[in-house]
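Got some structures for you, see below.
After this come two complexes, each holding chain A, first together with chain B and then together with chain C.
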Partner chain A sequence: MKTTNSKIGGLLATMTLAVGLSGPAAAEEDTFKIGVITFLSGQAAESFGVPAWNGGKLLVDMLNEGGKLPAPYDQKGFGGMNIEVVVVDEAGGATKQVQEFRNLVQREEVDAVVGYVSSGDCLAIPPVADELKAFTILYDCGTPRVFEDGSYEYVFRTAAHATMDNVSLARYLKSRNFDVPSFAGLNQDYAWGQDSWADFTGAMNQLYPDAEVKTALFPKFGAGQYGTEISALLREKPALVHSSNWGGDLQGFLIQATARGLHKRSQLALAAGDHVIPQLQDKMPDGIFLGARGVNGLAAYARGGELEELTNTMWEAYEAEYDTFPVQAPFRMWQAIFGLKTAIEKAMAENGGTKPTSEELAAAMQGLSWDAPSGHIEMALANGHQAIQPNAIGTTKWNAETGKMELVDVEYYDARCVNPPDGMKSQEWIAQGFPGAQCD
Partner chain B sequence: MQSNLIISAIVALVALAAGAVILPDWAMFLFAMALAKGLVCLGIVGMMRGGVVSFGQGLYYCLGAYTATLVANNFGISDIFLLTFLSALVCLLVGIAFGPLLSNYRGIFFAMLSLALSMVLYGSLSKMSFIGGTDGLNIAAPTFLGWAPEGRPLQAALYIYVVTISVIAGTLMRIYFDSERGLLTLATRDNELRVEYLGASVRNIMTYNYVFGAVLGGIGGTIAALALGHVDPEFAFWTTSGEFVFVAILAGYLSVPAVFVSAIILELVRSFSNLYFPNTWQLALGIFLLAVIIALPNGLGSLVRRWKGNKA
Partner chain C sequence: MDLAATILVDGLIYAGWLFIVSVGLTLVFGVLNILNIAHGSLYAIGAYASASLVGAYFASGGDAFPYGSYAALILAAVLVALVLGPLLERGLLRFFYGRDEVLNVLVTYAVFLILEDVMKLIWGVNPYFVYEPYTLLGDVEIGPLFYVGYDFAVIAAAIIVGLVVWLTLNHTQIGKVVLAVIHDSEMSQTMGVNVQRVYLGAFMAGAFLAALGGALTAPMISVTPGLGVNVIIVAFAVVIIGGLGSIPGAAIGALMVGISRAASVHLLPEAELFIIYFVMAIVLLFRPEGLFAKTQARKI
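Showing the complex of A and B:
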């Protein structure tokens, strides 16, 4: 019985600890608190998580100061409210993320959550967000399954899903009259790589029905060594090599492939490759067809047009702060925060200027459209919960004089040209030959 | 002894169940997840008593979670009791299949072989894109004998369910640990040859421990999947198994409640370090683990023994 007492004592002590640590600071009326979840450690940190939050932190600071950005983003904070941020590391898998999401909403009482790079997390979080009635923005992840397999009331994705990356790549080949008698793929062996390859082969099947698939290689995620795969690609001699690799895997592949001259024998086409330019610099070979999952990074900088002022403001602030140029991830974080700002201010215009509830925010966000450095974003799919955005593909060219990588021969694609129409699943859309695509 | 055990079980059950009322939402969820993982760790502790550690308990955690999810999604079964039973059954069968094989191995060989089995499941699930591949799948909230709660009642019901199962499993494992076979397990840890000369089959003992671990792993996985609403192959990844081993080491093999307390402590430390040190939470967690191992080499359970020793 003595042992029993101590056991129960231990349990009660733990419980008291838990309860004692609960009581978060009550949410204030003049502060809007967001929880940001992004990779701060692990493989996706260097490529996506850290640059995304560098960009996000910069933008939040600029907004809190007020008047730093061109209209319509010249108002301070979110509708005059100060922005407060709680940052959480996305590393650790979906199990941990569901727990952390609950903690953010129930313990930290954040007003909105912005986050998730990993597709697995993006599938796991939405049911919980709806259960807790917590307004949530998925800012980066790619899988179309989130809203094609489910529908959620409080969850929005402010970036286009991954279908457009590979459809744009195939369209780029076609519009540049690139001859593709055969092609091969090297993609990471997990959902992202498998889905990207399926989208690309599907799109190629429509645009280049005679092209022969030489080989589809799926090295392990995080493999780092691609000697065997490069040998296979050199032996098969495809006209084009497709890869959706990212991060260290992409850097490794490019360095090893260029050392063996693969880029001279086959055209390399990278669906999401722009983010390794700051690391590789001139080690990234010229003449690679490159996407950035949207008009992001170099493609946005080269675009000009009416969004030039907004883009250049963010670009220059980022370069001044971090001594490198912003790649795709900060652009997606910016479009999420600008979208959130637009939704909050729209909701406040309707409710008379008080801090909006999750319901009001969700109503304001549904079907919203706004401008971001990456172009005009429209919440056009999945009943106004899934964004579409324009995309761009270009060709790399190292400028030895300035010591900077440039993107040349850039083709810009309208959002409705490379995204499926509302109510249609991406896979079907590609298989049926892109019905309803509006390309000019 | 037996009556003491039953009284302590009832007291623990009541104390824990009170959490359904007094705990805030986030803590209730954290406790439910910790107890579900604690069940898996209890299985490892059962094996640890015999001197072997399974580095692949993620196999049953994942198998249980996927069984529940696939059954729920394909046959429309949402009853938590039925799902738990089916997962436990599948894990029992798989455990019976692998148990006799693994029971011949000790030390690092047992650890590596069990790890290999769980990684085979991880690799296979990652390749199966028709069930979501590495992204995994979602599972709807469970019902309780036809009752379909939402919001806090759902969380409270899940919490009470996992508390009840944990207390029952803990009590049964305590009875087993104190039984003849359970005590022989402890003897095996000290001298395997002598146990064989006593006429007992060490292999048989090890198989039993492994199969109990499998069933507990499956139940833990099912509850975790239902609480999270999502499963992915990560459930079988070695880092998940490693976490279970850590909890088992933190708890030590001396006390059953220590397993659940350790699981809860680990979850709390992780949750708060993640919040307060977003860039260095792994470091904070690591320092905590190191400190515990240095201060309590025999685990939290040794505190109970120490306290008991002082009193006596």
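Showing the complex of A and C:
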């Protein structure tokens, strides 16, 4: 794999044009060039951006080598083409990312873009992608608004949106017969935290209509100190405390909350908290209800079944390379790259084996379904542009013998049980009592 | 334990932490007349340095005497002050003394940005944890609530810091010299005071207090990039409420912010962020210089 950064790439492209040599790398038929945008710095880097790209780099290396993965992913690269990657840091805000996107498409001439953890970036990029007719995969961000408020021709999201996380969590409580006379929330004070709390309270309103909301706390993003909030939660004594916090905010909250025994008074339910396990290890208490925004991380490893070989291959390769297990972010990167590979090879089968254009790729990706370590992914929403996927919630349990965290009492949910049907907005779906949900 | 007592305890814990962070900021402004945006970076570097030192302490057999980790926390703050204090003050800030205050803000903001990247170069983007000192002091049961003993140790540290700074400034020879420099640096120089040394000493003391705030916070959080951003904003609110350059003002400002924030979290959580700046706005409405700063005639 050839990895370069945007500045060096830009310089090389300029030099190539200046001396009148052959065209840029993107024109080469034996190479498929993707631009990957993810957080390499900033607060989301450690939790999402860096592990995602670690997983992506590993998979691209394995694909370029060929024969490292079970069928149908055993063919080299993308349809035999070598994969070349340009990596860009997502830090800097949406305005900067729009410029970076234009650079990738117009100067680097990438064949596809895979990127974006931030929901703000995911809302800013699609109009530009359509303007430039650039095939783009949103691989991580959670806001349902991307395709519920907009429609795009060249943009696809290969991961389910965040509604699934909190609907699954509420369903988990119900399926475990967990008594919830009251609950409270501690979520970050920005769109992610507010939306997660709205989804969770909406789902609880359907499944536990008598449950009382004790308090809803929204500390500032990056607050660090949660002493007062923990006092409020201890005083209110809710049966359950919901949090969609992530990264350092979640780690800080857990360190301070467990030191004061909050987990012994209230059940903690973390909608997307698996990514802090590698850092906290046994400091993460047993008995937390835990989601990973999909059948990712420990839930995927515990699942077995038809995808066991693919999952274990990626899991073991990741552990060997990085000395830690893969959490949710690399799983979402993998499902994006496997989806891209499937779409490229489908398009090539239809166009006689040449490198597909953006139009051919978009046509191949629309409504596509494929397998990934996180389960069977279907582009089932937004006219085939938005994925749905199965989800899982489990309970943390530290295994002192192996020195590893395990997920026990895992419940797996079919994609159509925890995602809205096509044509219905998430909030409406929850408010109407999940019409069309297909749960076993 | 009734709600008022809970709010008071929570407010005092938050105020203790906030005072340690803010007092260095107001000290540097009082002596050097520089609004030091890089104070947030010094706080973050203090947190990283303590995480590294405490980690090294336990890795080298510190489990036998875990209380030694508290010395490592303080040592980390001392090291930050010894290294970065002279580097920033002698190497950069002294060239801007007497220049426009806005220019100084921009210079320290540039330093803040540079140090943010320096931290990433040194410590990377992965988090650091040093929980051990946080739980060593056990729990304190107040009514139906449990608090961590460490939180009260931070309050004690804040009281000690406040007393030492106040006594040093008001009851020692060094303090009198510093006050003379604050009052009139040119006259002090003509009287034989080494003003440059006073500036350096004050800046190093400010850097130490910023780093101490970070070092004492490190055991209760995940030390990650961007740590200093939120801290500097709330620290500014505290020193503006108390009056720039005033040590008692920083103490009162920290108490007002801490208790009003705690009251908001318990009674009106939606206003948690708003309340801090609402208090600041109310104070500025009646005392534009802050509670304890002396009113000065403005040249026009």
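Here is the rule we go by: the second predicted complex is superposed on the first by the 414 of 440 C-alpha atoms of A that agree within 3 Å, B and C clash if a C-alpha of one lies under 4 Å from a C-alpha of the other, contacts with A are read in each partner's own complex, and residues count from 1 in each chain.
In this section, contacts are C-beta pairs under 8 Å (C-beta built on N, C-alpha and C of every residue); 3 or more make two chains touch, one makes a residue touch a chain.
The structure presented is a predicted model; accordingly, all values stated were derived computationally and were not measured.
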Partner chain(s) touched by A:Asp189 [first = chain B, second = chain C, both, neither]: both
Figure out whether A:Gly93 sits in contact with chain B (first) or chain C (second), or with both, or with neither. first
For A:Ala302, decide between first (touching chain B), second (touching chain C), both and neither. neither
Looking at A:Gly150, would you say it contacts chain B, chain C, both, or neither? Reply first, second, both or neither. first
Which partner, chain B or chain C, touches more chain A residues: B
Looking at the overlay, does A:Leu217 come into contact with chain B only (first), chain C only (second), both, or neither? second
Applying the document's definition of touch, where does A:Met424 land relative to chain B and chain C: first, second, both, or neither? neither
State whether A:Pro127 touches chain B only (first), chain C only (second), both chains, or neither. first
First (chain B), second (chain C), both or neither touched by A:Ser41: both
Chain A residues contacting chain B in one complex and chain C in the other 40-41, 189
Looking at the complex, which residues from chain A come into contact with chain B? 1-4, 6-8, 10-12, 14-15, 17-19, 21-22, 40-41, 86-89, 91-96, 98-100, 102-103, 105-108, 119-120, 123-124, 127-128, 131, 143, 145, 149-150, 189-191, 194, 221
In the complex, chain B touches chain A at residues 4, 7-8, 11-12, 15-16, 19, 22-27, 29-31, 33, 126-127, 129, 132-138, 140-141, 150-151, 154, 224, 228-230, 232, 234-235, 237, 239-240, 255, 257-258, 260-261, 264-265, 267-268, 270-272, 274-275, 278-279, 281-282, 300, 303-304, 307-308, 311
Across the complex, what residues on chain C touch chain A? 3, 6, 9-11, 13-14, 17, 120, 125-127, 129, 131, 134-135, 139, 144-148, 151, 217, 220-227, 229-231, 261-262, 265-266, 269-270, 272-273
Chain A residues touching chain C - in the complex, by the definition given at the top: 40-43, 45-46, 50, 189, 215-220, 222-225, 227-229, 231-232, 234-235, 247-248, 251-252, 255-256, 259-261, 279-280, 283
